[in-house]
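Handing you a structure now.
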Amino acid sequence: MLDKEAIAKRIAKEIQHNSYVNLGIGIPTLVANYIPKNIAVCFQSENGLLGMGPFPTEAEVDADLINAGKQTITMLPGASLFDSAMSFGMIHAQKIDLTILGAMEVSENGDIANWKIPGKMVKGMGGAMDLVASAKNIIVAMQHVNKDGESKLLPNCTLPLTGIRCVKKIVTELAVLAVLPEGGFKLLERAPGVSVDTIKKATLGKLIIEGEIPEMAFD
Amino acid sequence: MLDKEAIAKRIAKEIQHNSYVNLGIGIPTLVANYIPKNIAVCFQSENGLLGMGPFPTEAEVDADLINAGKQTITMLPGASLFDSAMSFGMIHAQKIDLTILGAMEVSENGDIANWKIPGKMVKGMGGAMDLVASAKNIIVAMQHVNKDGESKLLPNCTLPLTGIRCVKKIVTELAVLAVLPEGGFKLLERAPGVSVDTIKKATLGKLIIEGEIPEMAFD
Amino acid sequence: MMINKEVKNAEEAIVDIKDGQTIMLGGFGLCGIPENCIAALVKKGVTNLTCISNNAGVDDFGIGLMLQQRQVKKMIASYVGENAEFERQLLSGELDVELIPQGTLAFRCMAAGYGMPAIFTPAGIGTEVAIGKEVRNFNGKDYLLETAFNADFAIVKAWKGDITGNLIFKGTSRNFNTMMAMAGKITIAEVEELVEPGELDPNQIHVPGVYIHRIFQGSNYEKRIEKKTISK
Amino acid sequence: MMINKEVKNAEEAIVDIKDGQTIMLGGFGLCGIPENCIAALVKKGVTNLTCISNNAGVDDFGIGLMLQQRQVKKMIASYVGENAEFERQLLSGELDVELIPQGTLAFRCMAAGYGMPAIFTPAGIGTEVAIGKEVRNFNGKDYLLETAFNADFAIVKAWKGDITGNLIFKGTSRNFNTMMAMAGKITIAEVEELVEPGELDPNQIHVPGVYIHRIFQGSNYEKRIEKKTISK
């Protein structure tokens, strides 16, 4: 089973050379730490920044420079600043190549739920509905099962949706799976030491297994 | 009868303190020369400038700084530059208080035609259709009659329209007229030495004359 | 002669904001919020406000200060976490909230500033956000029709400004401030540094002065950081 | 590692532009036009182009150079005066022209850059521009529905740029260049001065590099003035 860092590390391998990437809060934020040196990538923060760098040193902290998770951050050379309209404009115009975000549930046709649990205080969707409505490629970082052991990869989402037919790939503590255009979770890789059977039991939605399923490689 | 400079001078009296004004090509451009010193006004050029100043000296000429008539110009202190989308955005959001432009014909309900003569080479409407569609106040500087002596203030325009029900006031070589909301040209002032009868003969659209019509005053 | 928008301070800038009006407030989290005007609104005690702002501040800062005084009737925002008083008022029914996608919030402000009555966005298609809204397909993709906001006042905070109302922002504090500045029927700008016309480069103005009705140099900016995060 | 968009020159930048494609060209009159790319397009001899540009240049400069070589099949513009060759081709039926309001031109580019399939504008209501178009009333006012442009290439000219594609414009040469830069499926930027990442202030970027696919430092800019006008 992968821990959060390992999930982030595995997702980092998905990032293409010369791509613009939006990282959600949580595990996706960790992905930035694992980008290979030979891969050119530019991170967008949807509150108005392209070229987001690492967190600042104490001396670099600037109240006027935060990311979409409201954390203080820095800018890399070549960074640019803009307003939220342009930021979501570039998202909707599909200038952002890849969005990596968390999810509570994903359905076998690629629907995603990650913003609202009925009966609980609803904080809001923030930019998530915009991102999932427009990203060319969406990778979800999530736990395969909830704390009661119930699958979060479902035939249909039970929670209110954030977006429909949008998730392309999922990386969990157990596996890497593609969401096929015709529907279904296609098992691509197993986490080290995790059996196909374990993944089967943890996946309530339609799971497609073809041939030998390799273990994840991390480099 | 007024010459072009006098028409511009009369229109300049219409400009309110603290207003943003767009001046069209031709006579409207001359209006800037007659703004009283105690009137604060900011001129917009729809190709992306607020705070347009006078034409440059030979030494100030900058190919990257032109007005909407493609003439070289200067900027005043407090000027700002922007792109054409923002420029027409501020026009459509009615942030520009007054538009002054020329016309070939105006109808008694405020329609304006100033961009196309069938059978002649059509150069285009430029920004005129945007300006007339949105300006809070539109003053037209025009000749009362064409070179054959035919009225250009008509019951209905005969030329293709630029915009409908938008002109608020007209200043010609003969008169100042308001276009009433309910329709009709209300005669407000006569040019020095011009009789009401001359104006009547030169106006084919519904002319409304109430009481004594004063001669224009220029200061 | 120059058009001069300068007012003395926040109290003068907000003097005619009335109970029950709709106000846009710039900022993302606590970054770029109009601190001085919020303090003045709290002091003035105006109530029953509808606030359009990406967030609702924290318990003791930003719009949270207005929530403490029960000045807000309705909040239109994209994310309202990190605020216990907000949650309490929401659950008790004292406060109405309308959550909308962040891009939709940005575009509905932008639409108002560009004189567009409505815009199309794919955000929210297939979700509860789409309920009751017009859906239209263009080139095989569905979009929601979302209308322009109509706010009585917009209150924004910039880094620098001049007395004609030109604004320059710094860092990510630009966020919603630019679109809201363009969207308000009356727009109030507070700035960290107010200068004379001609001191700002015309080429670097983020919001031209034509959109701004009142401007003043604020004081005592706290610029609180919500989640200070340091490199390890 | 930085994303690098630099190409050697205009020839390399336009190498894959093909006969029959749709191209946006920035500029207003001759101000801010991509001189190097126009020269390269003339040299390459690509034909049957649909050009979206506010104007069509003059007889011997700007898009006028492409008209001389009969490279343009259709012109979408707001104003096409000052060009005798344009008039000749139009009257002889060699050239098709679609005249649209200047704001509509700007908004249809902007819509493409913002992922909006269409926008509403009041410009053209009641005129022949509205013929065949959807009219919709919002709050008592009529608007035309105008669709986003869909261009194969956008070619723009900026003052300064860096190799990641960030652009800064000067004066009124910004005009249509920013929206077109954002609107092209492939956007080519030529700049007077190309610098390394970090040399431009992130706060002063007019077009972020994400929109730009190819960038190069142009040479021999003539920057011809169409109507030099001097104070008396």
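For reference, chains read A, B, C and D in written order, and residue numbers begin at 1 within each chain.
We adopt the following convention: a contact is a pair of C-beta atoms (placed from the backbone, for glycine too) under 8 Å apart; a residue touches a chain by one contact, two chains touch by 3 or more.
Since we're looking at a predicted model, the values are computed, not measured.
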What is the set of chains touching both chain A and chain C?
D
Those chains that touch chain C and also touch chain B are D
Most remote chain relative to chain B, going by C-alpha centroids?
A
More C-beta contacts across A-D or across B-D?
B-D
Chain C to chain D: how many Å between their CA centres?
33
Whole-Å separation of chain centres (CA-atom averages), chain A against chain B
56
Centroid from C-alpha atoms only, then distance chain A to chain D, rounded to Å. What do you get?
36
From the mean C-alpha coordinate of chain B to that of chain D, what's the distance rounded to whole Å?
29
Would you mind listing the residues of chain D that make contact with two or more other chains?
107, 114-116, 121-122, 169-171, 203
Two or more other chains are touched by the chain A residues 49, 81-82, 85, 88, 91-92, 134
Going by the touch rule set out above, what shape does the chain contact graph take here: line, ring, star, complete or other?
other
So the complete set of touching chain pairs is A-C, A-D, B-C, B-D, C-D
Enumerate the contact residues on chain A facing chain C in the complex.
45-49, 54-58, 61-67, 69-73, 81-85, 87-88, 91-92, 111, 121-130, 133-134, 160-165
Would you pull the chain D residues touching chain A in the complex into a rising list?
1-4, 112-116, 162-164, 166, 182, 196-198, 202-203, 205, 208-211
Enumerate the contact residues on chain C facing chain D in the complex.
107, 114-122, 138-139, 141, 143, 147, 168-171, 203-204
Which of the residues in chain B end up touching chain C in this complex?
18-20, 37-42, 44, 49-51, 75-82, 85-86, 88-96, 134
Given the complex with chain A, which residues does chain C contribute to the contact?
28-32, 54, 77-81, 87, 90-91, 99-107, 109-110, 121-129, 159, 169-179, 206, 223-232
